[in-house]
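Encoded as structure tokens, the structure appears first; notes follow it.
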Amino acid sequence: MSEFELDWQREARIGIAEAVFCAGKTPAQIDAILESAGDRRLLLTRLDEAKFAGLAEERRRRLDHDPLSNTAFHGPHLQPTLDGPCIVCAGTSDLPVAREAARSLAFAGYRSTIMADVGVAGLWRLMRRIDEIRTFPVVIAVAGMEGALFSVLAGLVEAPVIAVPVSVGYGVAAGGYAALNSALASCATGLLAVNIDNGFGAACAAIRILRRIPAHRLDSQS
Amino acid sequence: MSEFELDWQREARIGIAEAVFCAGKTPAQIDAILESAGDRRLLLTRLDEAKFAGLAEERRRRLDHDPLSNTAFHGPHLQPTLDGPCIVCAGTSDLPVAREAARSLAFAGYRSTIMADVGVAGLWRLMRRIDEIRTFPVVIAVAGMEGALFSVLAGLVEAPVIAVPVSVGYGVAAGGYAALNSALASCATGLLAVNIDNGFGAACAAIRILRRIPAHRLDSQS
Amino acid sequence: MSEFELDWQREARIGIAEAVFCAGKTPAQIDAILESAGDRRLLLTRLDEAKFAGLAEERRRRLDHDPLSNTAFHGPHLQPTLDGPCIVCAGTSDLPVAREAARSLAFAGYRSTIMADVGVAGLWRLMRRIDEIRTFPVVIAVAGMEGALFSVLAGLVEAPVIAVPVSVGYGVAAGGYAALNSALASCATGLLAVNIDNGFGAACAAIRILRRIPAHRLDSQS
Amino acid sequence: MSEFELDWQREARIGIAEAVFCAGKTPAQIDAILESAGDRRLLLTRLDEAKFAGLAEERRRRLDHDPLSNTAFHGPHLQPTLDGPCIVCAGTSDLPVAREAARSLAFAGYRSTIMADVGVAGLWRLMRRIDEIRTFPVVIAVAGMEGALFSVLAGLVEAPVIAVPVSVGYGVAAGGYAALNSALASCATGLLAVNIDNGFGAACAAIRILRRIPAHRLDSQS
Amino acid sequence: MSEFELDWQREARIGIAEAVFCAGKTPAQIDAILESAGDRRLLLTRLDEAKFAGLAEERRRRLDHDPLSNTAFHGPHLQPTLDGPCIVCAGTSDLPVAREAARSLAFAGYRSTIMADVGVAGLWRLMRRIDEIRTFPVVIAVAGMEGALFSVLAGLVEAPVIAVPVSVGYGVAAGGYAALNSALASCATGLLAVNIDNGFGAACAAIRILRRIPAHRLDSQS
Amino acid sequence: MSEFELDWQREARIGIAEAVFCAGKTPAQIDAILESAGDRRLLLTRLDEAKFAGLAEERRRRLDHDPLSNTAFHGPHLQPTLDGPCIVCAGTSDLPVAREAARSLAFAGYRSTIMADVGVAGLWRLMRRIDEIRTFPVVIAVAGMEGALFSVLAGLVEAPVIAVPVSVGYGVAAGGYAALNSALASCATGLLAVNIDNGFGAACAAIRILRRIPAHRLDSQS
Amino acid sequence: MSEFELDWQREARIGIAEAVFCAGKTPAQIDAILESAGDRRLLLTRLDEAKFAGLAEERRRRLDHDPLSNTAFHGPHLQPTLDGPCIVCAGTSDLPVAREAARSLAFAGYRSTIMADVGVAGLWRLMRRIDEIRTFPVVIAVAGMEGALFSVLAGLVEAPVIAVPVSVGYGVAAGGYAALNSALASCATGLLAVNIDNGFGAACAAIRILRRIPAHRLDSQS
Amino acid sequence: MSEFELDWQREARIGIAEAVFCAGKTPAQIDAILESAGDRRLLLTRLDEAKFAGLAEERRRRLDHDPLSNTAFHGPHLQPTLDGPCIVCAGTSDLPVAREAARSLAFAGYRSTIMADVGVAGLWRLMRRIDEIRTFPVVIAVAGMEGALFSVLAGLVEAPVIAVPVSVGYGVAAGGYAALNSALASCATGLLAVNIDNGFGAACAAIRILRRIPAHRLDSQS
């Protein structure tokens, strides 16, 4: 019996295609999974450069791999055409997670815009962009350290705000728990959280929301 | 100078009216806040029976207080007319939190349906309701203990699923952390979480989402 | 042998008078300590109403007790005449801690100004006060929940900012750890922290700073 | 004096042969232990490839080493002939732990069946196998992330279910604590837990149970 | 719609009857649950004396309530006739949990024997009972503090040993985590654990095992 | 069968008489234990006033109960004649724990001296007593908050220093963990620790040491 | 759009120049940031030797890099001329953090003095320097392990004392939490804390204080 | 000014010579420290092979380095002649810590005996050695995993027992916290604990005790 069986029914069931989390898998196991996938589309996450280099060369050539976010696309190319979220983050250190979200959205057909260096320590940088941020249907906020960005942002925009805590930082910020707890304990109402560093999960949650907005739903079914 | 200044601009800014968290306040402080509110509408949360009993009698008579959820409505009555979420929970112990969500939604004009005793230990109870759950635009899942309900549900429905961990339980379940971590670490993609026991926050997040769905947006602006 | 020996040398040594932390002491022990103090000035902290009611009646009459902050002054009255900090907090729930700071400052001769309801979820409330806050030599920020106020404030003012996390809140905010970690992990540079609920400590730290500013030093030595 | 003394009496006393946990030992120490064992059978756990490569070459050739589970058999070969547990897990990342359990059972003479990719996010994968799982005398469930599999499974089968949390995952799932706490806080009654990643311990616990079932007991004494 | 729906199918499905965890429920809610149960048998756990006293008087008279273990039996009486586990504990403080296990077993038809004051600090007390303990098909070990009993016992007996950590103790023993971690980290192989204070869960796990032993299975189906 | 069996062999085995930890026991259970003890000597710890008041009146009259330390002596009176430790603590809040140690020592025949208010924030108070402290064979240091006393003391005296962390304090000091970790992480060499609030344990450890010093050993055997 | 936008307004706004935290950035990202900075002055922190070696060679030559503190200065050289803090630490292991503080101060124009090996286990080493320490306007205390230095120092000097916990140590000292909690729970009044290993933050806080002292303020504005 | 100043007074003050903790120091820093020591005796701990290899070659030749315990002796050789503790541990994984204790004792002139593989899972191995263990003046117990050895041992011997938790193990045993908490929460009276992996600290504590026993004191002063 095969040791893995992908959940190909998932897209029909919940609207999100199957994805492969590569962190706990060897290159050989990933090769075998892709082999079994045939031509079907698959998103790969946490595929770092060392592991990517360990894949069969031919497979490597056919994957669209992004080293900053450690994601890869397998299968036919799909041009993102649907309007998606604004992804807001405080700086360079948050970019890998922000891009994991953006790439996961692109794989599912959604465009997104990353706004980096919008940290709250220099509030003016956020304030001059806030009107633009308010035009998006959903906001994904990516922040490490103390995650004050989450509360400030959720207090300023009307859209659903999905907080993605990031594990950068040291001392009490190490591991991303200070940022996670800031998201959960926020004094701003209606803020939502996903796991630390989980840009992919934030993207999937955004997709669940976007698919409820008729314009998007129609597009995604055409 | 007054010691409090409510954020009356909030509804215009982010679509959610100001609310008063009563847990850290004395009855006298709550009385003063309501006095300053005049006729304006306010939602009060964490107003337990002892604290409610400590309010001025006349004020008590004019509040719509619900002892199970410890919520109260202040100001003109608003009939909920908008379609809102399905609130799913495992049992009687989760009802106070589920009702805090339902009451917060009702205050904002949204109907909701609570389905209790749908725990995963007896999976048949969830499965016979799943088709009905799938008809709702948003799902709020309320669970304590190990919170396995969150993952099972998010794996079965297409809508956004907001997990509210509940602090019932003992040993490693005490305080709701086991359920919270289950929500955050879920293998089901796109699950969203709010703070432990935060039924109000889940409701506000659902409202942010529902307001993005045109039918709802139109209604809420009429 | 007496079981306690107050550190009467402390004021001469470090500029801050001895204080009595009443939380772990019985009314009888507090009575004995005050008896031993004679006419000397003493600040009592964490003296809640029940414990205050347990003191000898005559002593109660001679103490200046404040039930909101659970502080009391013993000994000759001193009019606060020195310019002290601005104490900023998010709301009613933070007032007991903010007042513990204000009372500790007053006991040492410093005036202070409490600005309540300046939470970051409604940023406009902070922004309209920010120019006034900037006029103070030191800022004490008091906040529970996720403590985002600390970072926003420290990013806007030039003065030393002392963060006092508050233990209000529930779930991951319970106990004040989320706020404490926000203060310590802040992306705003040069933010300082004291223990959770430690309004007294923040006041003493502010005094250490204020005494270094010549105007203040002269006054306090006259 | 020898620095180690294996517990050769253990099999007679509790029915489980001595095993060597190699994680904290150098190759030289492991060589010395095996030298002292002579022809006696020993199970080695946590013997990773680097450490295995450090053993004396002749010894390496006589060990039956499995690199996926990091286990090795020393001594005479024993064909597994007794009916053992079903080992259920969610995916590729859980296989090293699942195989540690299977190998430990095989060393003691028990057959087992691994069912991988039976995660609850795609419930249909578990449901189509559930009748087969119900035929086993004992079930070992291996899961990381949020460990929802444990509760769903224990709610569906009558057999003893032993949960083995796995340390794969990131953020709040890191280290396996979210899964462990799910096992302990489960709403499904009568679920049992062992330490994180402890496939060997789950196997030993299963053997304790299986030896109580007369058919098995007879076999194991023949 | 009723707010609760008991899992009456559970006994047929997994061999363990439905039980009601009373900790998070009001007396009125418990009354309503029992009303809905009619004549069917139900085990109630965590029903403390105050809550029991709050039930309708007639219902109280028909419940078999045990104040030490806070358990009650509802419905027709069943005489325990099946051979069940030995329940071993260190002392008086562990008895409430030990009795919760014994009562849960009795409700399901199993006899059990409690051996108290068998702590490892005075090893002779355990050693003089060990031969008797070895005659039982399953052992439930109940211990707080550091839980050293678990390892010593599991090293001496061949039967499955189920560890129930107890939340007695102070300092690092408070809450039962030191004992829980001792059970999970035990150097004795094949030890199994349930949640802190979960005597009911240990009983259910023991029943799952006992039902696999043919003698027991036959009896329980007659 | 009796539900408890005291370890009367303990004094012969390890030199420390049996003691009864009353925290998890009802007055009725304590009465029964004392009944079974007859005339034999027993130390009772954690016997607070409410529980003491619940004992049978005649028994109360025959117990030597100390309400500050919550200890009681049962059985024939023994005059402390052996030279014991110096017990050093920072203030009034530490006295209950310091006295639990002193009373446990007295019960075993050892004199001790409590020096209170020797905290390190006013170092002069410790320094003027240090020469006297150096004359004792063993030092027990009792401290809450940050426990800096432990390191300063262990750096100044040659005797064994046993640190007893105390659970007074708030915020990060709550529960005594900050003090415990200070004791364990101390930069002063050879500092020893017992559990938080464990004055009894510190006394027993001191007795183990004192019995090794011939003068003491002779006395205790006469 | 550029992915980063430095907060060049910060110096004007709060008196502290922008700094770049290099820990989560690649050499290529740091190169790009420095490129965008042009001639403007920038402080780089957490720039370890490996990362420094990865920068473009020409840029390396123009940076003033200090390998012990992992800091670098970019832009025109500024001679420190203002009187700054005394930086006190216990030993060699604390030097990297102490120097990060000293270098951050120097970058901003402040002289500082590092006193190493002033640990409290040998109190005489601190006492012989205490009069010199008392001459400084601000004290930065850097300590790992149990951090007893913080309390002893704050009890002896009148100046503001900023505690920087250090993550050296093992067991309960690992990560610096024992030292951090000692700083926060200190019995010495008015002690201030920054995040673990945050020498840069302590320097910035000291600058906020020093700028309030007129002599310093004049200098820094000339 | 030199950046380090060893506490050469320590031996005169507390009877234990200065030691150098090498974990946070570079080889160059260690070289400089040893240079400054001249001929004086120094114990080096946590000097792993890589760091030892980095020292100046001539210095390496003059150090007595033990790679298992990562300790080294600097200065004139001293033959251990005083009777010291029995060091008891469960197995090979505990030997590095046990030897750090033995080497620290040897450096101070004390002989010790290591008994390995005396774990409690096979109690017979401990019981056959217990009479020999009882002949030692002090016992050091070294154990990882769940640390049940500490309680069993302290319940069987009269001597002071110093528990050294070890950080071997995985899951809840990782880091040594389960063993540490077992030592602190032990039901055996008078057990003493030092930090995780702190064999050196246990040795120093044993020396403080041994120096109090006249025979030892005389020897050590001759």
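Observations on the model:
Read from first to last, the chains carry the letters A, B, C, D, E, F, G and H; within each, the first residue is number 1.
Basically, a contact is a pair of C-beta atoms (placed from the backbone, for glycine too) under 8 Å apart; a residue touches a chain by one contact, two chains touch by 3 or more.
Please read these numbers as outputs of a predicted model, since none were measured by experiment.
Any chain touching subunit E that also touches subunit F appears here: H.
When chain centres are set by their Cα atoms, the one at the greatest distance from subunit E is G.
Centroid distances from subunit C, each centroid being the mean of CA atoms, peak for D. Where subunit B touches subunit C, the two copies mostly use different residue numbers: shared numbers make up under half of all numbers in play.
Distance from the subunit E centre to the subunit G centre is 56 Å, each centre being the mean of its Cα atoms. Look at where the CA atoms of subunit B average out and do the same for subunit D: the two points lie 43 Å apart.
Touching two or more other chains at once are residues 13, 119, 121-122, 154-156, 171-173, 180, 184-185, 189, 195-196 of subunit G. Chain pairs that touch one another, listed by label: A-B, A-C, A-D, A-G, B-C, B-D, B-E, C-F, C-G, D-E, D-H, E-F, E-H, F-G, F-H, G-H.
Residues of subunit A touching subunit D in their complex: 3-7, 9-10, 13, 21, 23-25, 29, 33, 46, 165, 167, 175-176, 180, 195-198. Interface of subunit G with subunit H (complex): residues 91-93, 95, 114, 116-117, 119, 121-122, 124-125, 144, 168, 170-174.
Contact residues on subunit A toward subunit B in their complex (touch as defined above): 13-16, 19, 137-138, 154-162, 180, 184-185, 189-196, 200-201, 203-209, 211-215.
Taken in their complex, subunit C has these residues touching subunit A: 90, 119-123, 145-148, 150-152, 154-156, 169, 171-173, 177-189.
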